[in-house]
Amino acid sequence: MNLVFTEKHTENVGLSIGVTRQLYSGQSEFQLIEVFESEDFGRFLALDGFMMLTEKDEFIYHEMIVHVPMAVHPNPRNILIIGGGDGGAVRELCRYKSVEHIDLVEIDEQVVQVCKEHLPTVASDLDDSRVKIHYEDGLRYIRRFTDYYDLIIVDSTDPFGPGEGLFTKEFYGNCNKALKEDGILSNQHESPFYPLDASAVRQIHKRVITSFPLCRVYQAHIPTYPSGHWLFGFSSKKYHPVKDLDCQKWEELGLKTRYYNTKLHKASFALPTYVEELIREVE
Amino acid sequence: MNLVFTEKHTENVGLSIGVTRQLYSGQSEFQLIEVFESEDFGRFLALDGFMMLTEKDEFIYHEMIVHVPMAVHPNPRNILIIGGGDGGAVRELCRYKSVEHIDLVEIDEQVVQVCKEHLPTVASDLDDSRVKIHYEDGLRYIRRFTDYYDLIIVDSTDPFGPGEGLFTKEFYGNCNKALKEDGILSNQHESPFYPLDASAVRQIHKRVITSFPLCRVYQAHIPTYPSGHWLFGFSSKKYHPVKDLDCQKWEELGLKTRYYNTKLHKASFALPTYVEELIREVE
Amino acid sequence: MNLVFTEKHTENVGLSIGVTRQLYSGQSEFQLIEVFESEDFGRFLALDGFMMLTEKDEFIYHEMIVHVPMAVHPNPRNILIIGGGDGGAVRELCRYKSVEHIDLVEIDEQVVQVCKEHLPTVASDLDDSRVKIHYEDGLRYIRRFTDYYDLIIVDSTDPFGPGEGLFTKEFYGNCNKALKEDGILSNQHESPFYPLDASAVRQIHKRVITSFPLCRVYQAHIPTYPSGHWLFGFSSKKYHPVKDLDCQKWEELGLKTRYYNTKLHKASFALPTYVEELIREVE
Amino acid sequence: MNLVFTEKHTENVGLSIGVTRQLYSGQSEFQLIEVFESEDFGRFLALDGFMMLTEKDEFIYHEMIVHVPMAVHPNPRNILIIGGGDGGAVRELCRYKSVEHIDLVEIDEQVVQVCKEHLPTVASDLDDSRVKIHYEDGLRYIRRFTDYYDLIIVDSTDPFGPGEGLFTKEFYGNCNKALKEDGILSNQHESPFYPLDASAVRQIHKRVITSFPLCRVYQAHIPTYPSGHWLFGFSSKKYHPVKDLDCQKWEELGLKTRYYNTKLHKASFALPTYVEELIREVE
């Protein structure tokens, strides 16, 4: 294969993927948006050169950021997604009949357009009648809500570039305020392995723990993300991510998942010792 | 960095690592042995172009292949390692005072020599008085033992090249025979993600389940292995990997680990749905 | 840069070019056609993964394949280009007012369409009224002409794939037949450096010398072609490429060139000893 | 091949060479010295990551920097090489019986040691009795000579790093002073193609023309140097590089060369128009 996309995980480490075609390349107001086609990962989306999702393994990320809080919350009806313009989190949420409304706050309209056109299996439910898309900065959007959402999903890019504001203390404080008294926040939490990513993990955790009484980190295997070891955050005002999980109730929903299951749900909160230590450093 | 080592994960996907120096390159009777130095992973060992271990993340693999069975077996004294000429599994085992004897059966003497010279933090305990190294084919070695070992660790290379025999039905049958009636086998079990690796997972599991009454698969995050998602097998004649784990007893040993802990031990047997399905296909 | 196009020069040697965008990718009846945009070479065209031309250095190839024979022939009016669907050779020819007619025989219509759209500075003169494009196999086209052209330019791809027929003995014989009694043939002649390319040089020369009384090889520096050392053939029934060059006449045309000049014209036929020997092997 | 050496020609363009082994890597007082083994180029030497020579194509560089001035000068007996610690220029010079003495001024003794050990076909004549090696800065060495050498060969690295001083006006002035009244200076003159290299060409030429009455640039095809298009300088107090070439006399020496020949000698001074213009800009 002559054309290769490489994502640098560190200055000298990279994952290289042979590419059959570039399906889209465009500079939006916020970032360079590219969609590629590959034999091994199907189509994939890159923002400013960082892989956001691939058709082959996006199910892992989206199932884990959505079903973990959804299986804990007893009655999640009104949901906010910040970021997530690709539609993957929306798709997983729309599988729940109990969900009444989803606000999707995506700063970059072009991301949504591109995903609708080139990643239809991910963006499949963006036109669901329960979904309302707001093209707006999440940091600003969140300020105006109090005691409003059952669940907030922060499906952001990395803590630099357009997503930067979503990693501030102010942002998490406002998320808390916008959540109902039994609300839950789930967020992508970077990777513990490479030093720069690990420092992002510390930074996010440090900020989120000042805003929520209960904060836990859980993990998943995502092959196309740096190191393949990815973390998520579960923060809540009331519910415990494992003790308040009602396995039977979730299983009765009959949702077919490919990565998530309730045993894994519980297991995903058991972290390797070095990751535990990384997080405890800032507690 | 001008010099880059790339391991192909599939024909068109590769992990590339900038290399500061090649410390060793030699063709043994069995394989090409190379040791490199890198900024991100410290030194690393490659056999026939496949990364076997790096100083930075080898602790994950070696802790998981050793401590999981060691924490379950109530009294593991006589242990066999097949493969593992780098000494990483030996090092972890030697931390247990209760271990009386370790037979290390490594087909390639040159691997042991090279690791002793260039990877001293991994090979550190190969000269421990309890360790006896046999430079021999593991498949042949195992045939002559009956009811002899408490624990067998199959720390092999991939199921092609010199390690091929360690993936046969005959081999696992002989492992069963060589184990005492409460013996445990742990083995590296490849990765579930890329199709070729996944077919190796199926093949190993298919063969091991015909030889042991209890076979479970557990997982870890190993950044430098293909997809970062790696599996291990736990097979036994008697003990269950989770129910028979005595957490308190293991914790009282006071072993400082960086990846393994008893909560993670239990969690590592909860697999993603797609991995469960992969394994069940052959059960 | 995340996206890199690599052309393999041998199995283990490649030239890698960072790519800002893929402008076109399409599989024609004959080959994979791609156009890329790069910072260093501007846009470039690749056929089946081999770079055919870049905006930055195509002038070298096209000036050398066109002006060398044009400066020797005293009155070239009726010209045939075989291959060359990109339009670069046409563009150089159209600068001569004396040229009355150009037949361009390109097997792949899609190449012409793509170059017109994405490489306008190369394809600029394909719509010149003197140019007639025939979408046809050059090998077949040439058979029906006798004593007809003043100059034939064989601007072919490499001697495998759709261009294969243009490297046969039959083809060169028919070129001779199609040329007038003072006609000239110029052709791209591959590179003398890498062994596989060098064997192509030998093969072409071996075939062309059986068809023409005078065959000379000349060279140029083309950075994006394998080794940067590229050869061309000058074959004729009558004119000598150096002795029959009328420098003054050509200079009086006032054509502004960036690579070609009459001193270089003469010099380009002085070959390195190892190239001389390569060619003489088959004479 | 898993191990690849890449030399960046620009920020986004690189030549990649599969490497079978690294034979040497050491940081000297001046630079990182590496020797690699490859299938396509045999062994090759890199200084600070830049390829200095390969066994496969070093003959081109060394023949052209040595035989061009040697074939023009009627009686070159006392010769100075500045740089050239690999021994390639010495080897070519030692083939001339008329040469009585060669001073080799190499700043980095470790380069000489490494080349003697790992590149014996290049360093073959460094122990010739006519050769005296001075481990010293060429810029300083040259200051103390007046009217002393017949030929000075500046076989330097690129105009940054330890070789920097060899690209100053002062240096060329001192070379002029150190040469006899019919002395010749030949020097490596970088590549005209990529913009940064082209600006080095201009800079060198600008400095050398202020020190010598006659300065000409000549070219060669060197596949492993950036763009494959490499320039050399011929500067003299008296002799013209073409008019004063006595072809017959040189041919009678019976030296077997692989790139150089007297026809090519003359031809190599005919430059592409864009290179002519590049040089004339500073004249």
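Per-chain numbering from 1; labels A, B, C and D assigned in written order.
Following the convention adopted for this analysis, a contact is a pair of C-beta atoms (placed from the backbone, for glycine too) under 8 Å apart; a residue touches a chain by one contact, two chains touch by 3 or more.
Keep in mind it's a predicted model, so treat the numbers as computed, not measured.
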Both-way neighbours, i.e. chains that touch chain C and touch chain B: A, D
Third chains touching both chain D and chain A: B, C
Same vs different contact residues, chain A with chain B, by half of numbers used: same
Per Cα centroids, the chain farthest from chain A: D
C-D against A-C, pair bridged by the larger set of C-beta contacts: C-D
Chain A and chain C, separation of their C-alpha mean positions in angstrom: 53
Distance between the centres, which are taken as Cα means, of chain D and chain C, whole angstrom: 33
Residue numbers of chain A (touch at least two other chains): 4, 6
Every chain pair meeting the contact rule: A-B, A-C, B-D, C-D
Residues on chain D engaged by chain B in the complex (per definition of touch): 2-8, 19-22, 25, 34, 46, 49
Touching residues on chain A, where the partner in the complex is chain B: 1, 4, 6, 10-18, 38-41, 57, 60, 193-194, 219-221, 223, 227-229, 257-261, 263-264, 266-274, 276
